[in-house]
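Below, each structure is written out as structure tokens.
Look for chain A in each of the two complexes below; its partner is chain B in the first and chain C in the second.
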Partner chain A sequence: MTLLQVRDLKTHFFTADGIVRAVDGISFDLAAGETLGIVGESGCGKSVTALSILRLIAPETGRIVGGSIMLDGQELTTLPIEAMRAVRGRRIAMIFQEPMTSLNPVLTVGTQIAESVQRHLGLSRRAAWDRAHEMLELVRIADARRRLSEYPHQLSGGMRQRVMIAIALCCDPQVLIADEPTTALDVTIQAQILDLMLELKEKLGSAIILITHDLGVVAETCERVLVMYAGRMVEQATAGELFGRPLHPYTRGLLRALPRADDEVGVAGIRPKLAEIPGIVPALNRPIVGCAFAPRCRYVVDLCRTTAPALTAANGPHPVACWEAQRVAEEAA
Partner chain B sequence: MTLVATAEDMQRIASPLARAATAIRRNPTIFIGSVLLAALVALTLAAPWVAGDPFRQAPVNRLRPPSEPFWFGTDQFGRDVFSRTVYGARVSLIVGFAVAALSSLIGLAVGLVCGYFKRIDAVIMRAMDGIMAIPSILLAIALITLTRPGLGIVIAAIVIPEVPRVVRVVRSVVLSIRAQPYVESAIAGGTRNAKLLVRHILPNTLAPLIVQATYVCASAMLIEAGLSFLGAGVPPEIPSWGNIIAQGRTFFQIAPWSIFIPGAFLAVTVLAVNMLGDGLRDRLDPRLARRL
Partner chain C sequence: MSAAAILEVHDLVKHFPVAGGLLQRRKGVVKAVDGVSFTIRRGETLGLVGESGCGKTTVSRLVLKLIEPTAGRIVLGGVEVTGLSPAQMWEHRRRVQIVFQDPYSSLNPRLSAGTIVGEPMENFRIATGKDKERRVTELFARVGLRAESISRYPHEFSGGQRQRLGIAKALSVNPDVIVADEPVSALDVSVRAQVLNLMIALQDELELAYLFVSHDLAVVRHVSHRIAVMYLGRIVELADKRALFETPLHPYSEALLAAAPVPDAARRKRKRVILQGDVPSPMRPPSGCRFHTRCAYAMPECKVTDPPLLEVAPGHQVACLRRPIGGDLAPLARSG
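The block that comes next holds the complex of A and B.
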């Protein structure tokens, strides 16, 4: 059953240098209890997609110019702001990248969790505090009772991210959007936090949208993956498909750029140089004609420079936006 | 410094007196400023007991230099300069504190709204720029010609041009706090505007606001003295430092004490308030405070 349906979402920013098409036609479905990964390099529109779903784009700078976001049959793009506030944190919750600064330094951890519970579930102060205690235990913070009355600076980065997860999940949201939740944490903590998120997802039945630039994280956690490039979708597949048979040249480039443990170690212990994708991401403040990836693509043909390919499953086993997907797949095989 | 706590260290931490000593050593300006200010407040409160009648004229004792019964000398009417100076401190302190409190409160409210609601920000800030351009002395003279002179009018005349200064400080803090991830995170959690302002943004503005309030207080005391000196301040029959200086002006060459003494009090008071402000700024700065 589709829980969240995003169709042709377009979010543009209006700057002095022109219109920046940060998100330019994104569509995806999210089923209840599913984990969807959105990957792409910095500036490809992943975070803007997430912020757009919660309608958190500052109106002074940009807005959603087209498309639809349906949560459980309810259109979010046209919802009045007060109704939208009731969705935020209650039905769709979000975890941000920076656990060090995402908690208010002047309020105790317990207050910050209880605030959300009181706001959305209408519980009394006492009951909200109990709920906060329960949540801290759920995210496995030791000595939860004492931690409730501590301030964020008394907690480590990993613990703060656990608190963020507790705040996000305290009202049983249907969708949890995690925007680079582990980027600021060190590797050992990353795995713990991801495991915790997945475990709580199973327990509470929330769907997760995991936004990351780390394909390793995607491989470990996501069932389905959406690859974005320059504000557009380039490929959508199950995690297994994507890693086993990438169809888009960009996806292939990303995968080749990953360090692998089984890379052969050469003379003097030097591993082969990691592959890189030549060129840079196109500027988004000018209209892109044709495929956005064409200038960097090894498989480019004339058609790519004039007409943008649509995301379609016609050229292969899963949806991809590439005229030459067939050739890419054959070459890979 | 050693990282191992000795018994002596523990004792030092435990004793409140020793802790106070450490705090003073670390930040002597707060200490000096607050002690001077506290002494002045105490003196003002104790005025009826320590000072004589500031209004009693005694022509026999006119223009006496500082000596046994009149510590600070007497003025041209034989009034005791010490008594007048002590009572004059009342006016300065009342004006200083009242202006600081009022302009902080108004400035806080306006600043919060300006920094948070961008739509009305430009309009209010232009109005504030306009108010800031009014010199308080001219405003006071205008207000007094419209009404009768009094403490309230003086306070109002100083508060009005001070408000924009507070607004600017608060607004700039709100703008920077607004961009903090925890504010965005609170918005993403569905927090309402009013709650966001009061719970998440307001507490962060208090430290800079307190510091700004001390500067406003010091400048209000100076402006009040200036206004009184020009005859646009508190009515001349009330002994305020500005009035005492203004009345002593004609006899400056033969009785300089009636100008120097209230002038020195004014200078020391303003210095004390400024020192307190500087000390608080250092103490309340979150980057420095964390060292505790």
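The block that comes next holds the complex of A and C.
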């Protein structure tokens, strides 16, 4: 059952250098209890997609200029701001990358969790504090009772991110959006946090949108993946399909550009050349004609430079936005 | 690769005093680096991996002599450089150069790209005037920057181009050793491959020695010949990269390798040991083996005895009481 339905979402920013088309036609469905990964490099629009779903785009800089976001049949893009506040943190919760800057440094951990449940669930102060205690135990913070009255600076990075998860999950949201939740953490702590998120998802039944630039994290946690480039969708597939049979030249390029920790270790001293994607991402403050990846693509044909391909499953086993998908797939096989 | 070590580091120690309280009295010391030894040969990359606070960046700053060690020796091309006066140090500075993590903050925004690369040549009296200009043009071509970008300023370059500029600056004085501290961590995947390929090609061509510091195991594995794993100021394992990845001997190395996410969904269900808890404070490192508080294989003795770094197989050093010389190199079994 589709819980969240995003259709042709467009979020643009209006700057002195022109209109920045940060998100330019994104569509996806999220089913209850599902984990969807949104991947792409800096500036591809993945975070703006998340902020748009929560309607957190600062109106003085940009706005949603088109498309629809339906949560359980309710349109969010036109929802009055008060009603939207009841959605944020209650039905859709978010975890940010940097736990140190997204927690309030002058409030105790307990206050920050209790605040959310008091507001959204109407619990008394006492009940809210008990709920906060329960949540800290759920995210496996040792000595939870004492930690409730501590401040964020007294916690390690991993513990702060556990607190963020506790705040996000304390009102049983239907959707949890995690924007680079482990990027600031060390790899052993990252493994702990990802494990915890997946375990709690099973337990609480929330759907997760995981936004990351790290293809390894996506492969290990997500069921389905949406790949973005320059504000547009390039490919959508199950994780198994995407990593096993990537179709878009950009996705293929990304995977081949990665030094991998699992492949056959060569003879010491021999270091195979990594596949490069030539060039850089296009500037978004000018309209992009044709496929955004065309200038860097080795499969480019004339059509790519004039007409942007739509995301379609017509040319292969899963949806991809590429005129030459057939040829790319054949060459790969 | 020639056998002579260009850089030797012996028992390097760096303690930082910590002041606190109203009167800023000395409260203790952070043992950032606590007895680290390694060598790097010409043309070789030694990867240095570990998590935040393990001391890897302090090691790189010590090697650059940006800070003085508390104890230990650094030998550069046969000359001991620890304890040299700043004036004596001058001629050795040229030999060790750095490539920084952040290509945005490590270049002077008010200097043109040509000046950034050319100025060090004048400082070290390597080239001036027309000769310098010619060398700058050559270096730009070598690192893949267009000649017309010589007169541009750092803000006009992309992240990847800035890192190329940082590499050109480091190469401008013909160094022997390059310390690269997370040189590709700030770059996107598609650009990262370009910079790594460039660094490897330059190394092979110029016989540079790299001390490559990173938290990213896949990147370190790709560029390194040998890898040292650090934990709380110590090297816990040092081996050929193949040996390290195929048979990690230290429990921490094993956990670190297992925790690194792999971009292959088919491997998702693999069994892995997830390390519990956080890294202890380097101000109060645990007694005995510093890793025993998080170790799945710890024995009672690990709480009391600090294991030395021993060579248990040719070229493979490990600091673990369960890995004695002549011992079994098979994976450890969990102690009860």
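Of note:
Just so it is clear, the second predicted complex is superposed on the first by the 323 of 333 C-alpha atoms of A that agree within 3 Å, B and C clash if a C-alpha of one lies under 4 Å from a C-alpha of the other, contacts with A are read in each partner's own complex, and residues count from 1 in each chain.
Throughout what follows, a residue touches a chain if its C-beta (ideal position, glycine included) is under 8 Å from a C-beta of that chain, and two chains touch if they have at least 3 such contacts.
Quick caveat, the model's predicted, so the values are computed rather than measured.
After overlaying the two complexes on the shared chain, residue contacts for A:Leu54 are found with chain B alone; chain C is out of touch.
In the superposed pair of complexes, A:Asn104 makes contact with chain B only, with no contact to chain C.
In the overlay built on the shared chain, the residue A:His120 is in contact with chain B alone; chain C does not reach it.
In the superposition on chain A, A:Gly89 contacts chain B only, with no contact to chain C. Residue contacts after overlaying the shared chain place A:Asp195 against chain C, while chain B stays out of touching range. Applying the stated contact rule after C-alpha superposition, one finds that A:Val163 touches neither chain B nor chain C.
Comparing chain C and chain B on the residues of chain A they touch gives the larger count to C. Comparing the two interfaces of chain A, the one with chain B and the one with chain C have no residue in common. Interface residues of chain B facing chain A in the complex, by the touch rule stated above, are 118, 180-192, 195, 199-200, 203-204, 286, 290. Looking at the complex, you find that chain A touches chain B at residues 54, 56, 60, 85-90, 93-94, 96-98, 101-107, 115-116, 119-120, 153, 164, 167-168. The touching residues of chain A, counted against chain C in their complex, run 41-42, 156-159, 186-192, 194-195, 213-220, 238-240, 242-244, 253-255, 257-262, 265-269, 271, 273-278, 280-281. Residues of chain C that touch chain A in their complex: 1, 51-52, 158, 160, 188-194, 196-197, 200, 215, 217-219, 221-223, 225-226, 240-242, 245-246, 255-268, 272, 274-276, 278-279.
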